[in-house]
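Chain nomenclature is as follows: A, B and C, assigned in order of appearance, with residue numbering initiated at 1 for each chain independently.
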Amino acid sequence: MTTLNSKVPEGPIKDKWTTYKDKINLVNPANKRNIDIIVVGTGLAGGSASATLAELGYNVKAFAYQDSPRRAHSIAAQGGINAAKNYQGDGDSNYRLFYDTVKGGDYRSREANVYRLAEVSGNIIDQCVAQGVPFARDYGGLLDNRSFGGVLVSRTFYAKGQTGQQLLLGAYSAMNRQIARGKIEMFNRHEMLDVVIIDGKARGIIARNLITGEIERHSAHAVVIATGGYGNVYYLSTNAMGSNATAAWKIHKRGAFFANPCFTQIHPTCIPRSGDYQSKLTLMSESLRNDGRIWVPAKIEDAKAIQQGKLKPTEIPEEDRDYYLERRYPAFGNLVPRDVASRAAKERCDAGYGVNATGEAVYLDFASAIERYGKEQAKIKGIKNPSKAQITELGEAIIEAKYGNLFQMYEKIVDENPYKTPMMIYPATHYTMGGIWVDYNLMTTVPGLYCIGEANFSDHGANRLGASALMQGLADGYFVLPYTIGDYLSDDIRTGKIPTDAPEFDDVEKEVKERLEFFINNKGTHSVDYFHKKLGKVMWNKVGMARNEKHLKEAIAEIQEIRDDFWKNVKVPGSLNELNPELEKAGRVADFLELGELFAKDALERKESCGGHFREEYQTEDGEALRDDKNYAYVAAWEYTGKPSEAIMHKEQLEFKDIELKTRSYK
Amino acid sequence: MNLTLKIWRQKGPQDKGQMVEYKVTDISEHMSFLEMMDVLNEDLVAKNEEPVAFDHDCREGICGMCSLHINGEPHGPDRGITTCQLHMRMFNDGDTIYIEPWRATAFPVIKDLVVDRTAFERIQQAGGYISVNTSGNTQDANSIPISKHNADLSMDAATCIGCGACVASCKNSSAMLFVSAKVSQFALLPQGRIEAADRVKNMVAQMDLEGFGNCTNTGACEVECPKGISLENIARMNREYLKASI
Amino acid sequence: MSGFLSSSIARKVAMALSALFLIFFLIIHLAVNITSIFSESVFNELSHFMGTNPLIQFALQPVLIFGVVFHFAMGFVLELRNKGARNVKYVKYNGAASATWMSRNMIYSGLVILAFIVLHFIDFWFPEMNYKYIEALPADPTRYFGELQHKFENPLRVGAYVVAFILLALHLLHGFQSAFQSIGFNNKYSKCVKSLGKIYAIVIPLGFITVALYHYFNH
């Protein structure tokens, strides 16, 4: 076990980034023309990085498995993006955003990275507005803010319920400008299948053209991985169907350490599962918790009646409802951080109070918000003694203006009108805080190999706050990586073009081809999804919202079994040289089957509860997470040595100099 | 419910392709349309037949990847949704459902129900951006107030997910709704005004080059658009184009 | 001109402008025709003025003919291009789900109108040209009403006339508001334009039909 060097610069936290930027090496514009950079993944992080690197003058090759960068799953982020602008004058500052993020992450993130994130957050908003991102505005024409879980200020900028979409389109428009100039070469419908390392440095990738099936070699002076998280290891998650961990897992197998895989965010407000055919779970934005109140019946007999369809939620009187978040966390109420809200929902449902046929759902009720807004509007409009129907109508109009698209989405999926009856929600896998370990420069343990956005582990600790993923993705891509990568590339100005006929390319390409051929020739008995669903079940039941030693050990054994079975019996129809979605899935699931095991192993090793990682053995008397700062205030970075079970843990000790380590309380 | 599916199968871009009939059984009304397709594909894999290729990704109506022409309409009979948000409760037991790819010369079929929509990307590359560097040294975000009205209209246009349903539904395979949404988003913002004239000319020129048809204002695109992009955007683009040309 | 007209939007605007011109012309034409119901002399007087005024004959008439020819020619060019924009047809295409019959069949209503215009030229315009410029018969300011009545004696012709104007109504039901949309007019007044378009599309053809039927039943 070695200790990792995070390369955090010296000096006071407020000055670290500025001083560091002033001193790092730069590449002169003439030399940038001779340097190639590969960016894999074109969501917010990859897209913004590609655009910025190309603007700087590097030759960028960008890869996306979708038919366009604008379809990356960043597009699905609904609620908003945080920035310490303090436009509301409510006491926000860089320090407060930094503090909230570290605290929200349950003190398992690297202070210097988080401070830098807070520091550049304001720039992101400036940048996006300049790019034409139509953020919500108030009647004076200035930017509007809303409030998200786990914080006491309003610092979230938003564009209706489609903030991720708008930011991604902004980044994509910046990319388009560079594609038109020829500075970005865009490879749509291409999937990276491995990384090529020459003399210890990342020098290229092997990619498959998903339309023709052709295996291609691409070389560069540096490789940036921005392929998002691994939430689909659970099969069911809010991720896109194609979201996968293959790029991240492949670089892990070639030497990049994988950090804190057990830190996964289960989002509290998703539409509950309706049956076994379910292919994905749909998120309802956290912003709904601004106005929605979460409850379950207080009486177990009411809950049973609801589960059997004999009782309607609207028939339960106010005094028989248990607004359990408001009860347990009076200070933050319905706006506690995601991990806390999810666990509280699970606790109630496990106790039998769930509210749909599966018993895995709680109510998110807008009735009191509708009434409050309705009365407010009646007052504004000067209606004296408004009737109940009038109030409801006025209130519903306000709710519709704020969340109309989410309500419509809910109604289409569930076939119930959420204005009239409370929404049903249940936690679902949403985001992975863990990921490839990177230093302050966002470089992995392989020189020249970078990892940004959700794919890396860096900024969110054990739990991410709402509206911070967009912030991190764009911060990494627009404002951090473009500086730090120059420091590395300044040594490469005399290297010249990297040849793709090097023996290292031959070897990696051969491995990639052999694996693909294996899938096609295996002619097994079960489809890829069969194995993926099995893995997902084990992950959800034993490595899900609450974990314990027994379950984790079982999970490891079961995952190994599923993996062995997969390699014996997987069936992939079709051929190599064509568009073959089953073949694509096979490679991804093969990697999830390894990652899942490391995930469980990491969860087993971390004998504490923090953020999204809740070990049943380590909790307080009233069921709150019990952190162990003395023994576990470190990042667990795993080195691959041939099998997930034999991975070696390296520790990065976390130091808290600017924030006092204390028990997180939202009470 | 039990259904008969008539699905377009085409091995590759050069293949001629044809409709093929399949049966699916025990479909739940709570399934999404794509989950029904998953069931079909699982059946096909089990029978050692090749599954039907179709584009899909986020399955929550925002990525714009899914693109099925169902019973003669893009994204099927429901309104304001994408294919992945279409639920089987819109159909009845015993129904026959026609499933075809988007049809337009500018959207060639890659395989089965998957089409190549990169024409849309090239149109955006022709001018769908504001020429500002991502240095972060721009002015403060609040230094130019933008009327809420215009910001909202811009946002409405910007919600376009570029799925191509407008082209698929249009009897002329015109891409005007998509292009106008992109033009409008920027034309309505002070930041985008500076390049507005060049932008609209370049984007329209690229749109014509790609071989999309001409708009005859039938309004089918607006009806079928999963994001409710308004025809007002097309009128705005026409105005912008005239202003830029005269 | 051809450079400008190579762009899709320019063509669309040109179609709209020629349409608006023709829409305006129809009002004048109907206004003249309608007088034939009320007063033979007024009709003759107006017809004579229209037929002999040099400004109308040598300036406006060529513009009108150009407008008609252009609108048709461009209509066909666009239709052909639009057909080419979908090289493989849908097996099942439910156009009625999202657009009106009128908007989807402008080319067919247009073709019927074209056929009618050919008939109209044979009936009125060629004899008129022949009368005035080829045989150069003496001017007779009272001949028009009689000629008009004579034409509407044949029930087949009146039938064709009625059918053509019904198709014109359908063409206008989409075309009127479409022309405004094409030139970029879509704002808070568009509702009025749409209503006005509907009234126009029904009233104008109905006017022409009334004139025809009136003379058919009253000759």
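Assorted remarks:
In the analysis below, a residue touches a chain if its C-beta (ideal position, glycine included) is under 8 Å from a C-beta of that chain, and two chains touch if they have at least 3 such contacts.
Because the structure is a prediction, the values reported are computed rather than measured.
Using CA-based centroids throughout, the chain positioned farthest away from chain C is A.
Averaging the CA coordinates per chain and comparing them to the mean over all protein CA atoms picks out B as nearest.
Which two chains touch most often is answered by the contact tally, and the pair is A-B.
Work out the mean CA point of chain A and of chain C, and you get 62 Å between them. One finds 26 Å separating the Cα centroids of chain A and chain B. Separating the centre of chain B from that of chain C, both taken as means of CA atoms, is a distance of 37 Å. Those residues of chain B whose C-beta lies close enough to touch chain A in the complex are 11-12, 28, 30-32, 34-35, 38-39, 42, 44-46, 48-51, 53, 55-65, 78, 80-81, 85, 87, 89, 110-111, 114, 116-118, 120-121, 124-126, 128-136, 138-142, 144-148, 151-152, 154-155, 158-159, 161-162, 185-186, 188-189, 191-192.
For chain C in complex with chain B, the residues that touch the partner chain are 4, 6-13, 78, 81-82, 84-95, 97-100, 103-104, 106, 174, 177-178, 181-187. Contact residues on chain A toward chain B in their complex (touch as defined above): 48, 51-52, 55, 66-68, 70-73, 75-76, 85, 87, 120, 123-132, 134-143, 159-160, 162, 165-166, 169, 172-174, 176-177, 179-180, 186, 188, 211, 238, 240-242, 274-275, 277-280, 282-283, 408-409, 412-413, 415, 478-479, 527, 529, 571, 573-574, 578-582. Interface residues of chain B, counted against chain C in their complex, comprise 6, 8, 19, 69, 71-73, 77, 98, 100, 103-106, 109, 169, 171-174, 176, 204-205, 207-208, 211-221, 223-224, 231-232, 234-242, 245.
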